[in-house]
Each structure stands twice: as structure tokens, then as C-alpha cells.
Amino acid sequence: MNRQRAWTAAGGTALALLLAACSGGSYSSGAKPAVSKVFTYDTYTQVIVDGWDPATEYSNGIIAMSNMYETLTRYNPVTHAVDPLLATSWSHSADGLTWTFQLRHGVHFHTGRLLTAQAARAAILRTKKLNGGAAYIWGAVKSIDTPGQFTLVFHLSYPSPLALEASADYSAYIYDTTAAGTGSLTKWLNAPHDAGTGPYTLQSWNNGQEFEVVLKAFGKYWGGWKGQHYTKVVFRVVPQDTTAAQLLRAGQVNFVEQMSPSMWTSLRGATGIKLVSAASWQNLLAQLNAQKLSAPIRQAISYGTNYAGIIAALSGGAVPSSGIVPAGLFGHFANLPGYTYDPARAARLLNHAGYGPGRKRLNLTLTYTAGDSNEQVVATLMKSSLAKLNIGLTVQPLAWATQWSKGKSSSASARQSIFMEYWWPDYADPYSWFVNLLQTEKAPFFNLSYYSNHALDQQISKVESLVATNPSAGSQLYRTMQVEILKQAPIVFLYNSNYQYAMTKTFSGFQVNPAYPNVIFVYNLKP
Amino acid sequence: MIESPSITPPQAAVPRGATLRSGLQANPLLAVGGALVLLIVLVAIFAPLLAPWAGDAGTATHPFDVLHAPSASHLFGTDQVGRDILSRVLFGARVSPLIAAVVLVIACAVGVPLGVVAGFAGGWVDEAIMRVTDVFLAFPPLLLALALAAVLPASLTSVTIAIAATWWPWYTRLIRGQAASVAGRPYVEACRALGISRLRIIFRHILPNSVTPLLVQVSLDVGGVILTASALSFLGLGAQDPVPDWGLMIAEGQSYFTPDWWLVTFPGLAILLTAFAFNLLGDGLRDLLDPKRSFLR
Amino acid sequence: MTGRLAISDLEISFGSRRVVAITDLLLDHGEIVGLAGESGSGKSMTTLAVLGLAHTVGATVSGSIKLDGQELTGLAPEALREIRGRRIAAIFQSPSTAFSPVYRVGSVLTKAVRLHGATKSEAADRAAEAMRQVLLSPDLMRRYPSQLSGGQLQRVAIAVAVALRAEILLADEPTSALDVTVQAEVLDLLRELRDSSGMSILFISHDLAVVAELCDRVAVMRQGLIVEQGPASQVLSAPADPYTAELLESVPKLASTQ
Amino acid sequence: MLVFVARRIVLAIGVVVGVIIVTFAVAHLVPGDPAATWAGPHASASQVAQARKFLGLDRPVAIQLVSYLGGIAAGNWGVSIHTHRHVLSDILTVAPASLELVITALLIAVAVGIPLGLTSARRPGRPADQFIRAGSILGVSMPIFWMALILQLIFSQRLRLLPAAGEYSPGLLFTHPLIRRTGFPIIDALVAGNWPMVGSTLSHLILPAIVVAAYPAGLIARMVRAQVLDTIGDTHILNARALGFGERQIFGRFAMKLAWNPVAAAVALVFGYSLVNTFLVESIFDWPGLGSYAAASIATLDTPAILGITLFVAVAYVVANLVVDIVQAVIDPRIRLR
């Protein structure tokens, strides 16, 4: 389970979507749409970091790729269920071990090939074999049959919510594995080319340049080009959110996806600009080094953190968390026994351990991802409130790669005491938090609390099967686990992020979908 | 009575060794620079008394008062965690000027002995030292400091080391020139012939002659070091929060500055004023003590 | 007696410090007048005052300097510029620094001629002609100052005055930086110029031997004041002022020339 | 003259070799294991060992240095950890934008600095002189990253007079696309007669160029003033005055002719400084040049890229100094004839 978190880890600054309607654009591929419209997505960092392979992409590439590739199903944030996409219907056996998907007819890959069950099977098997990105979503799949041209049958080794997993934002894309002929598909994809079924196809990629990715409409898209759609999508890299805001005001940028709360607030009332605030499935966590810090000290740190202050300082960018699972997701409970800022109680806990005011000074290090202004604010506030408890917190902003290497260091003494990072799920399910952050790891990977709890491990290993067969029991198990985790305090749940979008009023059809963070399905917008 | 005429051009109306007072009269900018430097030093010393919220220069935060615009209670406004910017700017007078002082002391401690050895020993020793110096001088100062600071862990110590490592060659070159010219003078030759020890010649003759140009150069360099250190902090390679470093304050404030301009404006003014003050002073001292010294070093 | 250049009641000061006070000094047509004195006695300041350039070194001038009866002090800068070079030329002590090191000597020469109203070809002709007059090959005009000897440079300086057809030449220690043989050649050249073109020369020198050899009349300066003036032979053989006598005593060569 | 140029070139090559050695030494100061960084966070021990071998880090330091020198000479400047492309090709892609910015800034600096320096030297000590001197010292005291932010705030955010960022308006990319020939947008647009693009690039260039010009302008004004004052008492200036030349010519021609030389040296110096200053300014103005690349490399700790840029700028600086040495020899016969 590899997860490159460079993207959202640095997600505090600007991520802007630029939408430039423009009549002079040329269009030359398949059926001609009535009007040529350009949609430009403006981001603070490079869109594609790892390459163009839809099987292994595990970074901000999905911003572009989700418009080029499609999945079998797509999560609907309104109904809290999955909708048909490439699959038009599906069903599963009573034991949850056999899943049958009917594929949409008349869908073509950008290579021209027709989407068939065989093609879909080959794509899923390749993704599973490469085992990059979030390929673990196919982890339960034992084998895939194709009894008909458009019928996919999955045989699972344990019950799993496959229709939900098939909507994942990573590693769930269906693509043409024969696109490169006899050559290496990975090489061909990274040239770059694309082999998806989505509404847009790659026009150009200028790595490291401001106008990084340009997509054009795919003429044979199964949804067709009747009605109003953008026909061109441009991904533009603008590192400064002040600049992005300026471009938005000037009407050059039509969508700023993430910026500092004060910047976002300052746009309120600006003519032609619409602000949208929506709960995300992303939360900010401080993983406490359980090998260095005993449970009472971890609890003391949890009591010594000024949650209300953090949320106030981020003025609208953050909402209080309750347990691990953000609101809107299965397994979320609003009334879990959590922590509030209580310095007196924190001091008592520390005193028992020989630290705290008037006792020995406790010196800790905290690492966060450099360049993220929200993390910077939180780190400063934590340092400030912990200082009152005679805890000396050394705050180190590090490039993500450095921060993570330090966390994974084979020498325990080289690791940080507190690791701050964002987490969000790969599909609409809370499992990701538990399995990645809290299950015992021989060598640290994402469990950067280095926390090990045998009973919890056992619960984690059975929770997804339980959810698939007995949802209410599964839900209850999620509650039980969260209560235990809050008691043991290996992680401080700082807040849940709020999306603060700003956009021009020149298009409609925009919908927040927290299952696909920062992705805009441009085809659905009406210019 | 008629005095003897002089057709010395007027720009040299303040000849070398003129009294400080007449120098100040002829060069009001020197007086302004000196006064500003004095002011900055006083602010640095008395920052705890002057700052209305002294704790804000340390770990104190006020999360419910973030990003307040300048007002009577916070003359420069508050930052992203509610700290009083005025207090932090005042305490900042203790950070970069101090870095500059340490950097210049290290640079002199390394550069001056090397320069003396090169100038006094001559021959291949001189050649070797000066070629190494040439290589270091082939980097624009900020560039090498930046490369060094980027590969070292981000801290004030790294910044100090990185800048000092790029600054010493200037002093080696300066002192070498002085030492070589003094070493060639007849009385030094005579001292050598008389068997007077080298160290004694160095301390009695070479170093005293180098004090004035060194002093002028150091005073000219303070502003440059402050700007370099601020630039490195701005790039996140230097001081870390909550150190009230002006460059860091600008870097942090950059995310907020479009609506909340005061986060960036005041720390930047402090850098400008400080660098300006030291440059005025250095420039004036150069005119006064060592008018032939070029700006190009 | 009226002269071409008449200085009277001239006072030159730096602020409140008076450095020169000359009651009267005359330079008649075709005459060579020596202005002698120790260095620092105010001779060079007098030259600058006559050129109207005393202000460039921060000095103020009062009194009267008349050229053919025209008052020069207080004249507008533009009018003065037309007189400078064109009617009153000057050569200075150190020929090696008298020319900008980054210009070819001929370029300064022709530029100066053109400045005073000559066309390009006219200027080139006059410059070459002047070079020949000072016994230099016009080819040398293509050289930079560092490629010419001190004597050659001083001749070029004189050539500038010749080419400009200056009426008055202020020669400020023109031979002091030269060695003896070259010195004699330059003095010959000056004398010849006076004889051929009637140029009046104010010859400034601390060296009474040279003054005696060249000048018709002599004025001796000391601390900004003229202590004695008169025909060269008279002043130098029977000095009235003790300072002149003192100066003469310090010149052993004079005995041999007499 | 030829001997002079040849000697300068040999000296410059020696310095460049030294610069490469210093860069190599800095590369070896990096804490942590570059092989591990290269192999990426998911790498196994054997992958790291493979990366070490691939990067040649398993060989003795002296051998590594020799192969590094050879690699630099052959154009192999290493591969960026961030972009996974050759550092030199990355640098060559972004360098034209920075050169355009720096050269424009230096032209502004010379155009502003020289007249100011001359005006200042005309009446030394007078109010105009003091004012210009204070202004030029203010220029060299400017924290330019701050100046960039403030100018952006005033001229684009508040007054909306100039574009905030970018190299040209993105909309033009579709109506008047820029055909890249030289990599310099203005030149490419001019060559193609693409006037809307020329206007757009120029208006985007103004703010960053002014910011980068602040230091050079201050320095050049001070240089010119000092040099002219140094010359103005010389006999040849007195001589020129005695020949009747006016003050304008005395300063602008005779005195300035001698000041060109140190001004040229100053331009070479500030060329190097300004290239480094783009590291502070370009990311603010979203200018897609060396500085933005450097800032991104620093943010991601992309050591090969950081060292590649360091080397590139240092070599550019050495070359600029070499060019100025030669230009000086052309301007000033004293150097040439030595």
C-alpha cells in the first residue's frame, strides 16, 4: 500500500481552477461540438508527479486523469451510494464473494478500441499486478471471469464492498492495456499518451512549465457532445495563492480550489465570484511517537492542544473532528468521547510522569510539510500551548520526502516525536485510516505513531468483512475501535478540513465530491 | 593673511584622518546612518521594554485574535496566530543583526589570517590560497550561501555557517593586498634582517595597517549579510518559527498578504531600514577613512 | 600701457581663505611674461582664474581680468567657453596626465578644433598642420597618450593651442616634468610660436633659470602676492625684493647661464 | 590583444574547474543518503543499493570527482529527483526566461543608474546629490522579495495597473499562440510579428524587471558617481575644460568615458547577483525561469537540481566576467596595451 502524499500534504496553499471561455480555439477530433470552450485548471504544484500510468498514479495526477479515465462506478456524495459509470448495473451473491458487473455498451477507449469485459479485466489485472497506487482496493479479488462481451464476474477471497471500491479515486481506472501494441505500456503511457474512456484526451504535456497539461475533447465519448460542455481543459501551475486570487478577480481564473482562509474570505462579495465551502473527507492528524511517549503523556498532549484556538485561527478552513472518521462517511459518530483543551488536566498527567510545569522539561520534535500554511499555523499553536506545559516543541518544516524518510528511519532515535500529516480515504470508506495509520507495522510506513495494539489489529483485520455482511455490526465495531484509540491517544485528531472553493459565476453544474478530492469532472460543467 | 592655496577637488574636501565632526558635517548621510544604527542597537537591547507584547516574540499565541489589522492596541496588526507584529519586529532587531555580527566575525577570523599568510609568505603558499579564494569569489555570494544552506538542516546556525563560508574570501583578498604591500616596505625588510620574529612583524606592522580598510569593509558588508540572511530565511532555509526573524515573517505572511498586507509590510520595512542604516554608515565611513575603496571590492 | 591681458585687483579665495591677491599684471601682445614663485604661491590658481575655471575647484574670484579690454570676470559661462581654448589656451605641468588615457590624442585635438567652429575636414587639416608646426608627425595623432613620450605629449598640447589659433597661451610649468634636453626643445618651440604668430605667453614656473632664458618680463609671486615685477634682466640681475634674491640663490644654474 | 584574451580564457577555465570541485564538495555535504532519496520512499534495501551503484556512489570519492568533472564537461549534469529529467535540459528550458528578465533589468539599471550617478557627481554634496546617494543606497539595501510583494500589492492588486504574475496572458495562448523558437518569449513574439503577445509579455515583464533592477541601479549610480568624482579632478579634465568644452561634455563624455570601465565590471557583477536574485523574485511573479526552478528545487530538496543551478549560475557569472574583461580591453587602451 504505497501512498505518495506529496499533494494534499502540501495542500494548504492555493489550488486554483482556471476556466477561460474562449471562442478562438481550434478543435479537430471526431464529432465537432457546437462551440469550442476552454477550461483551465490552475494548480499551485505540478499536476503530474509520478507519471501517466493510471494503474500506479497516486498523487495529484488524478486532477487531470479523472477527466481522461473512468471507473466502473462513481461515488455520489448526495445519495452516499455509488452510481453507474462504465458499469450500468451490478449485483453480488449473498455471501458477498461473487460480484457481477454489466458494462455499458458502445464505449470506446481513446485508442479507438471498444470497451469489453475482456479489456476491463485485463486493465484490472494489470493494475493489481503492478500493485502501485491504491491497488489494494482489488486485494480481495481472486479471479475475474468474462462470461459475456459486457459481463464481468469477480470472485473474491473474502467479502468486500467491491462496487464501492471500484469507485476509488486511485487505481480503479479502466484503460486499454493493448494501447502500446507489443511495446511497454508504461513507457508508452509516460511518453505521454492516454488510453482511457473519459470525455477528454491528452493534447500536450509540458513538464515543469506553467501550462502543464492541456486536454481536448474526445470526439467519440459515449456521453456525446450535445449540449453545453467545455471542449478543452488546461492545467496551469500557479504557485502563489495570492496570484491565483488575482487571476480569479481578473476573470482569468474561474476556479480557485484551495487558498488561505483569509484570502478566501477576502473574496467575499467580489463581483462575479462565488464562494463554496464544503466539508471534506480530509483531516489533519498529529501522530504521536508511541515508542517515545507513554499513554499518559500522549493524553497530556491531547489535552494540551488548543483545538478551539486552531479552528478559530483557520477561520473557516477547519471544523472540529469527532474521532477519526470525518462526517459524511460510514463509521462517523458525532458524540465520541474526545479531547478538549484542558491544560490543568494535561499538567496533572504530565506531573505523574515526572514532567510538566515545575518538573523536568520534556523536549519533543514535530515535523510538518514545508509550504503548508495551515500546518504551519497549527504547529505554531501547538508549540505555544505545549510550552505552557513545560514541553519544548522543536518544529521542523520539511519537504514531504524528507519528512517521511525521517518518519520511516530505521533508527528509532532519528524519528520525530510528532508527525503531522493529512489523511483522506481512497474510496468512500473509513477503513483506510485504520489499516494505514493504526495497524502494527514491522517497518514503519504510514503508522508513524509506531503504535502497536494487538486487540486493535485483530479488529481492523475483520472490520471490512463485517461491514460487507453485517453493516450495523461493522458500524458498531468502528465505534468501539475509535473509543479505544481516543483513550490510547496515539494520534491527535486536530481538525477536519473544509474545502473553501472560489469560482467565477460563468459556469454551472459544479458539485463538491469529497470522494475525489480536488477533482473537477469538467464534462459535467455547463459553460 | 593669505593661506596657501589648494586645488584639491572638492569631493576630497574631507581628507583622510579628518575629525569625525567635520566628516559628519560634510556627509549628513553618514550622520543619518550612524543615528539609525544606534537606534537599531538600542531597539535590540531594549526590545523587552519597548515591545507591548514581549511574549509574542517567543512561544505566546492568541488564536482568537488572528490577522487583526493595525489598530491602537496592535500598531502593526497581528499575524496568522494572533501575535503582535510590532513586538516581533522589535525583537527581530536581535536576530539578523546578530547573525551579521557572527558571520563577519567568523569571516574575519578565517579570512584575515589566511590573507596575512598569503601576503606575507608569498610564493606558492600565496598562489595556493589566492587560487582557492578566486574560486570562492567566482560564486555570487548569495548563490553559494543558498546552495550550502539548502543542503544543511534549516536553522539559524546553518545560515550563519553558510554565509560565513561564502564571505571569508573577501577578507583574505583584502588583507593579502595590505600585507603584501607592507611586507615589501623597507622597514619590514629591515625588521626581517634584524631577526625580529615574523609574528611580531605581523602584529606590529601588518595588522595595524590593515585595521582601517578592514573596518570600512566590515561596515560596508553588514547590510549585505543582513539581506543575505533574510533572503535565506525567506526561502525557509534559516530561522524557524517562533524566532522573530524578519525574512521568516515575510515568508509566513506571504500566504496572507493580499488581504492582510501588514504581515509582510512591516518586517520588510525593518529589513530595508536596517540594511539601509548599515549601508549609509559603511558608505560614510568609506568616504571618511578609505575614499579609494571601490564598491566592487 | 595697455596689454592684451590685463589683470588688476584680482582676489581668489576659498570661502574666507584668500589665496591670491594681484594688484596688477600685464601680458602684452607677443610678449612672454614669466610668473615665478615657489609651488603653492598661487600661480596655478591665477591660471585657473584667467581661464574662468576657478569655480570648478571651489574658489571664488573677484577683481578684473580684461582680454583686449573685455572684462572676463562675471562673463556668462557660454561666452567664457568661447574664449577658453579659442583665444586663451593653456598647457599644464604633467603632459602624461593632460590627455585622457582612453582617447587618441588626435581625437582630442580635432574635437577641440571642431568645438570652436571648424568643419570636420577643416579640423583634420588644421590639426595635422598644427602637429607639423610643433615638429611632430601627424601620424602620431592616432596614438594613445601612453604610447607617446612626455616631450611629444607637451608638443601635442601646444599643437592644440596652435590649431585653435589661440592668442594667449597660459603655460603652467610646461617643462618641469621633462628632462633637460626635451625642456630646451619645448622652450625653443614656445619662443618660435611667439615669433611666428605673435602669441602672448604667460609662462609660469618655479624655475628662475628657465624664466630667465625665455621671458621678456618677470613677476615674482609669494603667498599669493606679487612681490616684484619688471623686465627679466633687471629683476633677475638686481632683485628688489629679498624673496626674489632668496629664490635666485637657490638656483645655482643661473650663474652659469649669465 | 589575442594573448590577453587567451590568458583570460585559460584563467576562467581554471576557475570553472574550481567551481565544479566546490559544487561537488557541497553535494557531499548533504546529510542523509542521496541514493535513498533517489530510489524514493518505497524503495527496498536492494533498490537503494542499486541506486547507489547507478549514481556511482559506491566508488572512491576521487574517482567520483573525476567522473563528475567528466560528466559536467559532457553535458551530464545529473538527473533531477523532482522532475526525473536531465538537470541541464531542465535548466536550458527555463534559462531564457530568466535571461530575458535579468537583461531587461540590467538595461533599466544602466539607463537609470548612469544619469543618476552623473547628476549626483555634477554637484557633489548638494541636496540633489545627497538625495540620489540616499536613493542608490536604498536600492542596494532593498530586500527584493519584499519589494516584489509590495509592488505586486500596489500595482496589480490595488491599482490593477499591471498583471500580477505570469509571462503573458494565458488567453493569448489560444488566440495568438507563441511559437517557441529561441525560448525568449519577447523575441519569439517579435519575430513572428505577434503584437498582442509582444504587448502582453512586455507588460508582464515590467514589475519583475523593476524589482530585479533595484540593486544594479543603485550600485551603478554609486559606481558612476564615485568614478566620475575620482576623474573630475584629473589634469586631462582640466585640460578639456581649458579647451572650452562644456560641462555636459566634460561629464557625459570625458569623465564618463573613463567610468565605463568600472561600470562594465559592475554590470558583470550584478549580472551574477541578479541571476541569483531571480530565485527570490520569480516564484512571486510566477515567472517560469531559473528562479522558479531553483525555488521548487529547494522546496523539494532536489539536490542534483540545486547543484546544477548553482553550477550553471556560477559558470554564467564567470563567463560574464570574462566577456567584460574583454569588453574592457576594447574600451580601455590601457588594459589592451599593457
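Note that the chains take the letters A, B, C and D in the order they are written out, and that residue 1 is the start of every chain.
Basically, a residue touches a chain if its C-beta (ideal position, glycine included) is under 8 Å from a C-beta of that chain, and two chains touch if they have at least 3 such contacts.
These numbers come from a predicted model, not from an experiment.
Novice: Which chain pair shares more contacting C-beta pairs: B-D, or C-D?
Specialist: Result of the comparison of B-D and C-D: B-D.
Novice: Please flag the chain sitting at the greatest distance from chain D, going by CA centroids.
Specialist: The most remote chain is C.
Novice: If I average the C-alpha coordinates per chain and also across every protein chain shown, which chain's average lies closest to the global one?
Specialist: D
Novice: Report the inter-chain centroid distance for chain A and chain C in whole angstrom, where each centroid is the mean of the CA atoms.
Specialist: For chain A versus chain C, the centre distance works out to 90 Å.
Novice: Any idea how many Å lie between the Cα centroids of chain B and chain D?
Specialist: 23
Novice: Which integer distance in Å separates the CA centroid of chain B from that of chain C?
Specialist: Spacing between the chain centres: roughly 51 Å.
Novice: Listing for chain C: what residues touch at least two other chains?
Specialist: 57
Novice: Enumerate the residues of chain B that touch no fewer than two other chains.
Specialist: In chain B, residues 8-10, 13, 236, 254, 257-258 touch at least two other chains, as defined above.
Novice: What positions in chain A touch 2 or more of the other chains?
Specialist: As it turns out, chain A has residues touching two or more other chains at 240, 242, 246, 370-371.
Novice: Would you pull the chain D residues touching chain B in the complex into a rising list?
Specialist: It comes out as residues 14-16, 18-19, 21-23, 26-27, 29-31, 124-125, 130, 133-134, 137-138, 140-143, 145-147, 149-150, 153, 157, 219, 222-223, 226, 229, 232-233, 262, 265-266, 269, 272-273, 275-277, 279-280, 284, 294-295, 298-299, 301, 303, 306-307, 310, 313-314, 317-318, 321.
Novice: Residue numbers of chain B touching chain A in their complex, please.
Specialist: 58-61, 63-64, 66-67, 80-82, 154, 236, 240-242, 252, 254-260
Novice: List the residues on chain B that touch chain D in their complex, please.
Specialist: Touching chain D: residues 8-13, 26, 28-29, 32, 131-132, 134-136, 138-144, 146-148, 150-153, 223, 227, 230-231, 234-237, 247, 250, 254, 257-258, 261, 264-265, 267-268, 271-272, 275-276, 279-280, 283, 294-296 of chain B.
Novice: Which bits of chain A are touching chain D when the two form their complex?
Specialist: 2, 4, 18, 20, 22, 24-25, 38, 40, 207-211, 232, 234, 236, 238-240, 242-243, 246-247, 250, 252, 370-371, 399-402, 404-405, 408
Novice: Mind listing the chain C positions that touch chain D in their complex?
Specialist: 51, 53, 56-57, 81-86, 89-90, 92-94, 97-103, 108, 111-112, 115-116, 144, 146-147, 157, 160, 164, 170
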